[in-house]
Amino acid sequence: MTTSIGKRELDDAGRALLNRSTRGRQDFEDLVVVPVFAVIVALILGALIMFATGVDLPTIGKSFVALAKGSVGSLSAVSETLTAAIPLVLAGLGLGLGFRAGLFNIGAEGQLLLGGTAAVVFSFTFDGLPFALLMPLSLLAGAVVGGLYASIAGILKATTGAHEVISTIMLNLISFQLLNYLLRQPFIQKEGRSDPISKSVPDAGQLPRLLDWIDPNLRVHAGLFLMLGAVALVWWLLFRSKIGFAFRASGENPDAARYAGIKSGLVIVAAMGTAGALAGLAGAAQVLGVLDRASPGFSAGIGFDAIALALLGRSHPVGILFAGLLFGGLEAGGRQMQVDAGVSIDLIAIIQALIIVFIAAPLLVRAIFPWGFRKSDNASGGSQ
Amino acid sequence: MDVELRGITKRFGPVVANAGVNLEIKGGEVLGLLGENGAGKSTLMNVLCGLYHQDEGEILIDGKPVKFDGPGASIAAGIGMVHQHFMLVPVFTVAENVVLGVEPTGRFDRLDLETARAQVREINDKYGLEVNPDALIEDLPVGIQQRVEILKVLFRSADVLILDEPTAVLTPQEVDDFFEIVKSLRDAGKAIVFITHKLHEILEISDRISVLRAGRITGEGDPRQLTEEQLAEMMVGRPVSFTVDKTPATPGQPMLDIKDLVVMRDNDEIAVNHLSLTVNSGEVVGIAGVQGNGQTALVEAITGLTHTSSGAIVFDGDDITRMSVRERHRRGMAHIPEDRHKSGMIANFTIAENMVLNSYYDDEYARGAAIDWPHVSETAAAFCVDFDIRTPSVFLQAGNLSGGNQQKMVVARELERETKLVIAAQPTRGLDVGSIEYIHKRLIGSRDEGDGVLIVSSELDEIMALSDRIVVMYKGRIVAQFDNTGGKADRNAIGLAMAGATEGAAA
Amino acid sequence: MTNVTEVSIATQHIETGKQRQSRIIGGLLILLAIFVVVVFGWGLSGDATFRLSRPTDPFALPNLVVPSAPFTYVAAALLAFLGARELIRGGTRWTSMSLGIGLAILVFAFLVWATTGKSFSLTGMLQATVVRAMPIALGGLAGVLCERVAVVNIAIEGMLLAGAFTGALIGSLLGGWVGLVAAVLVGGAFGLILAALVVTYRMDQIVAGVVINLFVLGVTSYVSSQVFSEMRQLNNAPVFRAVKIPFLGDLPVIGPMLFNQNIFVYGALILVAVATYYLFHTRSGLRARAVGEHPRAADTLGINVYRTRYIHVTLGGMVAGFGGAWFTLGSVGRFDENMTGGRGYIGLAAMIFGRWHPVGALMAALVFGFADSLQQKLALLNTPIPSEFLSMAPYIATMIVVAGLIGRARPPAADGKPYVKE
């Protein structure tokens, strides 16, 4: 059939179809009510767990105060919260992007470790370079290595159908061993040390601290801008770009995407690579901004927390930013809590896990708080 | 055994699927239940077999009210259903499928498959079903699978058999055999409910007919006193003719030329076996055949979704055998996929997004690396108006549309551009009559503008109504070809070819 | 006439997937043969001594002494033969078998190479293999039980960890047997939670599994650092010792491997046997598999899909809880943070490797256990290969398995999909 495409004059009927229906209450419930309830319930359950393990009531109260104080109670607390949020958000963006493309990447931890190590190695190998080159190139090295490492899982899935959950878990376990091995190599290991630890990042390779003119102990660094830039970039990528459309289409319905001529293999490798690059960037930001060197397990579970983050943020870049700030706050507050109230910071991990349970199972939250929600119709439940 | 449904009402949220339906089912009688897709036939029967609970009304068996709290209770009461989509476990044997849920067992819960096999054979012999109890379901043709479904119901000593669109997957000759089985069951005193939207079948097999439209009974009667026209009007609510208005075709140059094509399945079976076929511009070619004879693989090969093992595909003079899906699409090939939910659309995407699913990259819609969304939305709105897609907004998620509107959306996406060849697989499966008529009109419209049109459908009626030329596919080959100018192809001969009975009938 | 010849030529060009697979595997085997000659065979001399018995054993076998260089060349020749056979007449059902035999030969060649000039206790390693395989096998069995009813259980890792933790805590308080029962119950409880999340609340199965893992890791680490660090008596459970079965336990090689082990080994073997009988020979097993393959069909026949899934996922959790107790009650008696170290995930891989069959999962677990104990023992032999790379070997093997290079198995058809009643 021949139909002329190109600019068309829409009649009234057509223009009427361009009405964007206002965001419904359903969206409000999903995006605001469920997360808020989830956080509250998780905190309450966290208190119950403390109580069950013999922590007395005043101490529980004290820990919550410490939690608040350590996350937002002072400039230094805010600085710590932001510092903790930077790698979480970067890695979370990668995972969220993967989720949108239908890929469940559990391998952020490994990608982050290897990316961070690459950044460190690059920075001290090219020690002579000026800051304007060394710092960005070191970050880039981290992103590239993280991306390549993740691509292994992507390529395996694209060519053989190997499920990315298993292969990324294995890549994580492999990366731990690989890191141990690398950190003992003479050109990486710090001189005069027998334990696995790398040389330090030269000054010109470091992400500069932003507030050290107020107090040299404020650790928040230029990775903050990297994080905000990445949020904007991922948003554009997902919702405005052609490749992002292909990602989302493949994630929502791989069959339909294939029928529409979107090459699923390419999407899988590209999405996995991008996700890995962001995780690698997270590792690089962590070593260049905070840690100064690579050591075994320097990722400290950021890659796993980022999974929680991406779920909490509904795989939306802005949601991930907020979730990252929340988790960063929990992290910073948790350290304060450990110091002030003597409650182990592992409690934070429990609270985070509980938050995801309630986020990922909105039906569960609705069952616990029926009064928080409009009665839903049966019709919205099943597709015929 | 007699069953009576009294005032059955079933709602899904705001949608009323059945509204106060009364129905009487009697032993030794075939009740034909007629209605178009979405009229509420399946819902009503799912209530009867315990899968749904009615919101109002009651079910009486031999005059006594009963309540089914699940399929188990309904089965125990003697009601058995053969579902439209077979409820068989593909990796189990016939015997395992038949006994599932009522298995004979020995000590320690041990499955007694020996007894099961013997019992299956017994029923087999009694009704002449001829099914091997040890065959794996996935190895059986659909016609035999259907017999397994009937075996299952009989094994549970059902007195009421509900057959939901049972002939959809059968050749005309298989339908005849199937009707013989139905008659023998009726003569054995069983009550049969025969659900269909095919008028000639219901007139042939039923002893009594009830017509369902929009969830209500709109007519009842005796098949001997009813005509197809009357039934059609009861079913649709207005006079309809099921013939498609079209002029004789004026075929031009070959638009699609398939030469000696071979396509393998993943399991190394041959799906398309040295097949050659030409579709000219300005004609509709219909591929008839029982599903599973390689039609899907053929369509996937033409559209670039699967690898070909040998042979060539020539589209408008160019060899496209190795070209990507996108390149074929770009050159003017339109593809309406056979299963819109699975592969034709993305339910969670908006209508606007779905409208550019396979053209978003095009310069028409893209600015550099980004998509020009305002332009996409306006175009989508124009398409919706053109194709009469009923929606409040192009930003609505496509999953919220009715089936007919979803399919129109897919058809609009494929046809609203420069096309040369239209590949339509099951273009109207599961749609209401209004949408079917509309889509048929559009396909003929494409032909009249000079496109080649290839239609694959398991509904022989649809093939007969649309095609200028009909080819029959059997076991990966084209076994017969028929001229259908003026709809005059021999239905019976096509049926025989579909069953693989003849080779190479004259064109 | 021309038509006919064209057709036959075309047919020859069509390569089936099986032929492609055997071509790849054939090539791989020949590469391995070259590898064995070049890396292991080059300049090798001396003997490798394998000890089969301890001097105290009642039926002592003499040591197995293998001349290294000849063995290596014979192994390479065998590999080359298998490879060439696949390349020439591939596509038969022997393909997987050839690869399996080839890999076994490779492992032996490697062992001989590593042991040359030294002596090495083969029986000890095989015994360690069985021991180390058990948590993986039990994890894999838990996975089989869940996935046969179409629930993907990523949470095996968390269930193992929960079992290990509970075993240590309750075992310290109330003794080993109570600890074991408690570990099983807690594993089952997490199975129940997983079932509730994915069946009733329709949470994404992988997300639910990941969350349970994070939660269990959080709780056990929290209690471990909050409570155990101060009250060490809560983390000091008795350990189940090996129980020797009379006579059978004295058999050479087999005896130490299978009949002189603790209850976890016996328990796992019995559970695998019971699960196999249950899944494939009983009424309930048939129904469970039907739920995993075609839940709607099962539903129309009056089988309660939700209840079936609840029961099997809970059972799977109990099996994993039992496997978890191995880490504490069957091994060191003390709980450490994250002490399962990814064994649950390897169990999952064993399940896939074992094609969703209990016996297959056990066999796959033995392969992983072998790799694990090999790595431990090789540290003693001072091989030039860094130990990190040996540690990676099982993970790399898992990826290769999952990538389906050894033939793809078919998971239950409804695996991972929630069932929504209409």
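Letters are used for the chains, namely A, B and C, taken in the order the chains are written, and counting of residues starts over at 1 for each.
In this text, a contact is a pair of C-beta atoms (placed from the backbone, for glycine too) under 8 Å apart; a residue touches a chain by one contact, two chains touch by 3 or more.
No experiment lies behind these values; they were computed from the predicted model shown.
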Subject >> Furthest chain, CA centroid comparison against chain A >> reply: B
Subject >> Contact-richer chain pair [B-C vs A-C] >> reply: A-C
Original post:
What is the distance, in whole Å, between the centres of chain B and chain C, each centre taken as the mean of its C-alpha atoms?
Top reply: 44
Original post:
How big is the gap, in whole Å, between where the Cα atoms of chain A centre and where those of chain C centre?
Top reply: 32
Original post:
Of all residues in chain C, which are in touch with two or more distinct other chains?
Top reply: 422
Subject >> Where chain A touches two or more other chains at once, by residue number >> reply: 382, 384
Subject >> chain C - residues contacting chain A, complex >> reply: 154, 197, 200-204, 206-208, 210-212, 214-215, 217-219, 221-227, 342, 345, 348-349, 352, 386, 388-389, 391-392, 395-396, 398-399, 402-405, 408, 420, 422
Original post:
Which bits of chain A are touching chain B when the two form their complex?
Top reply: 1-3, 5-6, 8, 10-11, 13-15, 17-21, 236, 240-243, 245, 248-249, 252-253, 255-263, 377-380, 382-384
**OP:** Enumerate the contact residues on chain B facing chain A in the complex.
**Re:** 11-15, 303-305, 324-326, 329, 335, 337, 342-349, 353, 357-358, 360-361, 364, 366, 369-371, 373, 377-382, 384-385, 391-396, 399, 415-419, 422, 442, 445-446, 449, 451
Subject >> chain C - residues contacting chain B, complex >> reply: 6-7, 10-11, 13-14, 16-18, 281-287, 289-290, 293-294, 296-304, 410, 413, 421-422
Subject >> Interfacial residue positions of chain A with respect to chain C in the complex >> reply: 49, 53-55, 104, 106, 156, 160-163, 165-167, 169-174, 177-178, 180-181, 304, 307-308, 311, 343-344, 346-354, 356-357, 360-361, 363-364, 367, 381-382, 384
